[in-house]
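Below you'll find the structures, each written out as structure tokens.
Each of the next two complexes has chain A plus one other chain: chain B in the first, chain C in the second.
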Partner chain A sequence: MKHDCLVIGGGLAGLTAGIRCAEAGLKVTVLSSGESALTFSSGAIDVLGMDTSGMPVRHPFQGIGRLIVEQPDHPYALLGGNSVYRALDWFQGQVAETGLKLVTAKILEENHWRLTAAGALRPAWLSQPTAGTLDWDFDEIRRVVFVNFTGFLDFMPELASAGLKTNKAFEHVCVSSLNITLPLENGSGATADTMRSTQLARAIGESDIELISSTLLEKVGDADLVAMPACLNVAGRNWLEELRRRTGLNIIEVATLPPSVHGIGLLRALRSRFAALGGFYVPAVPVKQGVVSNGRVESVQTPDDILEANHYILTTGSYFSKGMTSKQQGVSEPVFGLDMQASEEFCDSRFLAREGHGFNRTGVVFNKHLQPSINGQSIENLHVAGALLAGYDPIIEGSGGGVAISTAWKAAGEVIEKMGL
Partner chain B sequence: MRRLEADVVVIGGGATGASVFRDCCLRGMHTILVERGDIASGTTGRNHGLLHSGARYAVTDGHSARECIEENRTLKKIAGHCVEETDGLFISLPEDGLDFQKQFVDGCASAGIETQVLTPEEAIRLEPSVNPDLIGAVRIPDGTIDPFRLTSASILDAREHGGTLLNYTKAVGLIIRLGYVQGVRCCDMRTGEMFEIYSRQVINASGAWCHEVMEYADLSVDMYHSRGALLIMGYRMNSMVINRCRKPGDADILVPGDTVSVIGTTSTHVEKDQLDNLEVTEDEVRVLLAEGSKLAPSMMDTRILRAYCGVRPLVSETNSSGGRSISRGLVAIDHAEKDALNGLITITGGKLMTCRLMAEVATDMAARHLGVTKPCETAKRALPGANLPEAMGRKTREARKTGYSLPGSSIPNSVAGSAVYRHGDRARNFMKEDSNWNNAVVCECEVVTRGEILYAIDKLNARTLSDLRRRTRVGMGPCQGEMCACRVAGLLASSREDGEVVLDSLHDFVDERWKGVRPILWGDALREAEFSYWVQEGLLGLSSLQKDEAKPLLEIQEPESEETQCEQEAKQTAQKDTHHEA
Partner chain C sequence: MNLFKDSDRSFDSCLKCTACSSRCPVASVRPDFPGPKQCGPDGERLRLKSPDFLDEALKYCTGCKRCEVACPSDVHISDIIADAKARYGKGNKFKIREFLLSHTDLMGTMTRGTAPIVNAVTKTKTAKVVMHKALGIDQRRQFPPYAHKSFRSWYKAELEDKQVFARNVSYFHGCFVNYNLPELGIDTIKVLNAMNIGVQLLKKEKCCGVPLVANGFHKKAKANARFNTDSIEQAIDSGSECVISTSSSCAFMLREDYPRMLGETEGNPHQQVNYITRFLTQEFKNGNKPELKPVNLRVGYHSPCHLIRSGGVLHTLSLLREIPGLQLHQLESNCCGIAGTYGFKKENYNTSQDIGEPLFHQIEEGEFDYIVTDCETCKMQIEMSTSAEVIHPVSLLARALDV
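This part shows the complex of A and B:
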């Protein structure tokens, strides 16, 4: 079988590219080798959260305009704020087709805050409906309660309370924590202290919800914001909405330590959308090597097969996903041996440095069509997108989701255009 | 100013200080130990964790060799839960020849160290990871010892016999009147509070830093600070200690310990003003890998977990040429005799293996001055946790396979066994059936439970995440505290009032882990670091919760006050927890 387009990598960027190709009517396959980074994420999508001076960005698409003037090699510079907005808008619509209605801030073109399990606030563009969106100004919040289920280790309400209190905007806000011991109706006798978020999500049943809502009404009835571990909306049972209805409280889900129920939910939605459009998703198949001649990819090899396509999109991610490998001598791209751009300073002396780390900005060099090169020669039928790309820092900028989606959207657009569709 | 009183003040909470503390308390002296950081945070926490047989010194330093083998046997007896009786090999490679082996076996014999000469085939059968090119091997009774556990157990014993531990307390001066040291001026490094402890004897057991305490009395000692770098491999590659059978050199000992293996060391001189700023260099990493893989070739394909270095407190003899030629013998100075300064004793030099012996010598001196006649019991009396009934497991090479357990408990051996492995029979103090969630596993790599964390906070003076790491091994495994650091911070926050202190301690912990990873940031170490970064910064946003960082949402207003020098120093210490031990 010859593919119109073969996407190597089944994470956020790969599935986004696959969906756009499939939507345009291409015969497209996505090869995935392992877990997507979405599995460990918050499940929210950020576009641009921090500017180059480390200040939070309220209007991300305007912020992109300023960013690319300062950093012309940034992947966003290929698209500009308007195209990034179009890509994100399209993405939101594609996900909505599966029934998952990601939400933006109430005010047009504004970021909202995402509350973390350590009590920090990170700007985000799209969040899952049960995670809610915290407005940019917190004027109306007077009491916040972090609620955990006794024994569950991957949500830290006391730490989160301390973290939130370090924020000056919450100086006069009452922040506290509450633990509720649940019977775990569907837990088959297992207790919360042995569970990760995904197991806890499956273990919660009607009697647990009853206990949570009565406890909330009794103990924190006057709270303006109640934050709970994200394990209350899974497999078609939206317990969180139910709790909101029963208590009338403003309850939000906060991402737990991995695995991420919301991230997995988003990944499932993307796979399901891709399949609905006729795309072919192949899990657990790593691509070992690509064959390139005369500036074109001829084929790629998996452990059992040689696959051919007219076009290839590479979205294999960074180090953790093995899209890039590193040795003592340096960093390389293992499938094609693409040209890399390494940051001068590979890492900072502090792990949580404001400036971020050079290894995050290290990646594959690309031209304005997102084509990479080998020894300076561009590869005509290969496009790259997502965390592989050089020249940006997904974490410090808070741009990981936006760059993955928008560059994948553009890479697919390039392929569609070449196919004459 | 607050004023405390004691018979003896011990300065330094490393293995030696802890042993002195224990010895003094067991002899009935009312003793306070002051340590500027946490226990075992200096040289004690930054070495191989090797239970020397003494064989290494058999050819070059017979006296040290004899001391080692004697203490080796003693520690196996009194600190069973801190020791693994792995045995060791001294291998000869083609480039070494077999000449040295002859001298080596003779040297061992005269030091009283039992040896068994093996053929290469026999050695490979015993230790499959050993370099198959070896031309000969000698089996000797090396083992491994967990220095954190040894120190913690000694301190626990001392405290149970009336001693007081003041960690995060720096000795900033000696109280000297009329040629008599009457006590120690101290600073609480957390609060900046100054206070005094009046005593009849001060024992300076501050190891590589002992010259600083001596300077308080205008005394000096000719220290040779020798720095040694080591690498921790991500897996337990070998089950026996592997040494090179030649004169001691770089990277010629590979020690298995808990879940990892450690290769080391190098030996280079370090200036005394650099003792708190040690970082492993690229060259050291290269040497350690190149030489280490000659002991076990699989090292080249094994993930490196982290790099660290420590500093040996060697005392120069005249005209000595360098680190490896200086004796590892202990140096005990009774300043009453040597310098006509009563009330001060310095114990330094030596090595981890001889910490108990060093303590005995120093405590004997103090006891004589104080008229205490009760003899030393530390060589006979088991440390807390070491009374391991047969049924709980024994740390011999053979028994390791069957593991440890808590008899009569329904808790799985994978969990209970880890607790017994670390705390011996004291594991019963926190590992119970009606657990109140306490048997939940917080750190998967090292199988540390919630109960063990709370026990260390409650009973073992752990105040920060790094303290908890030294007490329980939390965050020491392959993931280096990716998620367990946050879980433990959550537990710490729920068990003490000041959440901000916990957040600071989380940042210190993360930076301290990072310090060991940076020199080896490639391959799986980089993958793991990237994942940690996603979780800790991407998911949790920890950097915005740092003190002394520009917080975008927070305008910092520094209170205007005049700080004492000590307060400033306390702050600096809190800011840069420079320790990066195993």
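This part shows the complex of A and C:
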């Protein structure tokens, strides 16, 4: 059976492309292998967090306008600020259809701040509803408390509060940490130190919530912001809302070390939206090789099959997801052997260099239709999107989510147009 | 001393990324299960130093292999856990129960001629209470009814030597088709015959060994692997193109686990074993596709864990998409919770049902005419836990045949 479109890669970009194709009525199948990097993620989406001088970006879509003047090879240059906005707005709507209402800042077209488990503040465009959005200035915050449940290892409130204290804006804010020892009513006798965030959520029961509420009221009743590990809203049990109601405190969830409840939630929402639109998601089928002739992909080979489609979208991700392979001889794209653009310097000797590392900018070369090339020849029915694109640094720019979503949206748009829909 | 003798060294590739833990159905519902990373690659390092490090919690692993699907580094997490259970485990508390649950072919043989009685008895409250208390088989669990006539006797009476086709395949029907659901075997023959392919049975077959391994009867499983491998070899030698199976778990065992169990990774006939939808999609692609009439039904497709692991979801989905008129919805990939014999044990019953809950919810919400799935125990679990009727993809295809 011939597919209209085969998407190779089942992460953020792949599912976004799949959803847009399915929405347009295409017969689309997403082939995935391994687990999406979303399960490690915060479940928030950043579009552009930092400008080229390292300053936080308050208006990301205007910021894109400036960025692409300086960096005309940036993937965002294919879309421009307005189209990136349209893509993100559409994405938010698709996710909302599943009941997950990702939130933006209260002010139109502004980034908000997102608190990380290390106590850092990152500009974000979309956040999980329980993580909330912090306003651009923090005038009204006088006391912040990071709360953990004694023993739980994937969130460190001392580290988080020390991290936040290094932020100049919080110099005069009282930042502290608090550990609460829970009985873990539904924990079957296990203690928090053996649990992951996904499990802690199940172990918490009514008596734990009662203890957390009373402890918060007694010890930190005057806090303006209380941050807890993201494990309070899983499997239909919204303990967070319950805690907010009982204490009247402004409590938010912070994404923990993996596995991340928020990241898993976003991944689940995307898969469920894709299935609802009639798309098919195939797990555990790695694409080994693509067969290309005369500038067209004829088929792709999996361990078991040769699959054919009219169009292909490649969203296999970066190094960790094996979308790119790094060897002594250089970086390559393993499925098709696509042309790569490598940075002159592969890496900076300083691990946390502000300019970032070359390997993060290294990726697949693409034209204005997001078509890649082999030996300089463009591939007509193949489009690329997401982390394997060249010319941007998701870490330094804070742009990984936005690039994945907007380029996948565009790649799907190109396919839809070609199919005459 | 070689510490690593017989140990699966793939644990060395573990990056500690926890992708496996985020996918573990047991860890998601049991806060006291440390999850695949700790039980598998992390624990293996310690167990190599001393078996005393064996964590009793390993017994909660269902062997669904979703961790292996998630792993970016090809660590055989589920195999490591299964091997550790076999090597260091202190044995089972309910030996008789494990024996009864895992010897599916023996149980089937014993019901020959007595199926109506057995079916009636296993439904009674008294029998359920006795099995619960004396054996540790949960009384809330429903047993699949035994068929009055086994598939093999039906085949011998109706079909043996009556099919005349240029092409032939051999059918490893497995215990479930033989003793519980001969209809599926009959549908399989109907479909293949419609494609001008004859269906032979293996001269003899024993249980593939999946329940034996899961219940600690490794020697017996290995003996069955040897026995079935010989039968497969014989079938191929006498002209069968390949061996097909309609059970996603039997097929996985025969094709993927036998070479490992028998230590024969080359020149063995296991690669000749195909799960049925893999074989059929290949045939369809080569142009051998029967006439199909519309089947105007709305169905939900549930992908079994072991089919996912073998990469076979693609084949079943491709096949179902060939049926005209079928409204096919892919259910979110959640384990149903039964994991073969796991959910029958009283200490696992709640875990099993908790794991399945999101799937049951989706099924009840979806207003489907049928749920389609490839696995016999998924079928038992879904039919027991929801109001849905469950059908095998091949039986659905048989309905679409214009005969």
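By our rule, the second predicted complex is superposed on the first by the 421 of 421 C-alpha atoms of A that agree within 3 Å, B and C clash if a C-alpha of one lies under 4 Å from a C-alpha of the other, contacts with A are read in each partner's own complex, and residues count from 1 in each chain.
Keep in mind that, in the parts below, a contact is a pair of C-beta atoms (placed from the backbone, for glycine too) under 8 Å apart; a residue touches a chain by one contact, two chains touch by 3 or more.
Keep in mind it's a predicted model, so treat the numbers as computed, not measured.
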First (chain B), second (chain C), both or neither touched by A:271: second
Partner chain(s) touched by A:228 [first = chain B, second = chain C, both, neither]: neither
Which superposed partner A:320 touches (first chain B, second chain C, both, neither): both
First (chain B), second (chain C), both or neither touched by A:56: first
Contacts of A:347 with chain B and chain C, given as first, second, both or neither: first
Which of chain B and chain C A:41 touches, first, second, both or neither: first
Partner chain(s) touched by A:95 [first = chain B, second = chain C, both, neither]: neither
Touching partner for A:283 - first (chain B), second (chain C), both, neither: second
First, second, both or neither for A:411, with chain B first and chain C second: neither
On chain A, positions contacted by chain B and by chain C: 40, 194, 258, 260, 320, 322
Chain B contact footprint on chain A (complex, rising order): 37, 40-42, 50, 54-56, 116-122, 150-151, 153-159, 161-163, 165-169, 177, 191-194, 255, 257-258, 260, 318-320, 322, 325-328, 346-347, 349-354, 357, 359-360, 394-396, 400
Touching residues (chain side chain C, partner chain A) in the complex: 17-19, 21-23, 27-35, 38, 69-72, 278, 281-282, 284-285, 303, 308-311, 313-315, 317-318, 321-322, 329-333, 358
Complex contacts: residues of chain B adjacent to chain A: 285, 437, 439-440, 442, 450, 483, 486-487, 489-490, 493-494, 499-500, 502-503, 506-507, 510-511, 513-514, 518, 521-523, 526-527, 529-547, 549-555
Touching residues (chain side chain A, partner chain C) in the complex: 1, 27, 29, 31, 34-35, 39-40, 184, 186-190, 194-196, 198-200, 202-203, 235, 258-260, 264, 268, 271-272, 275-276, 278-285, 302-305, 320-322
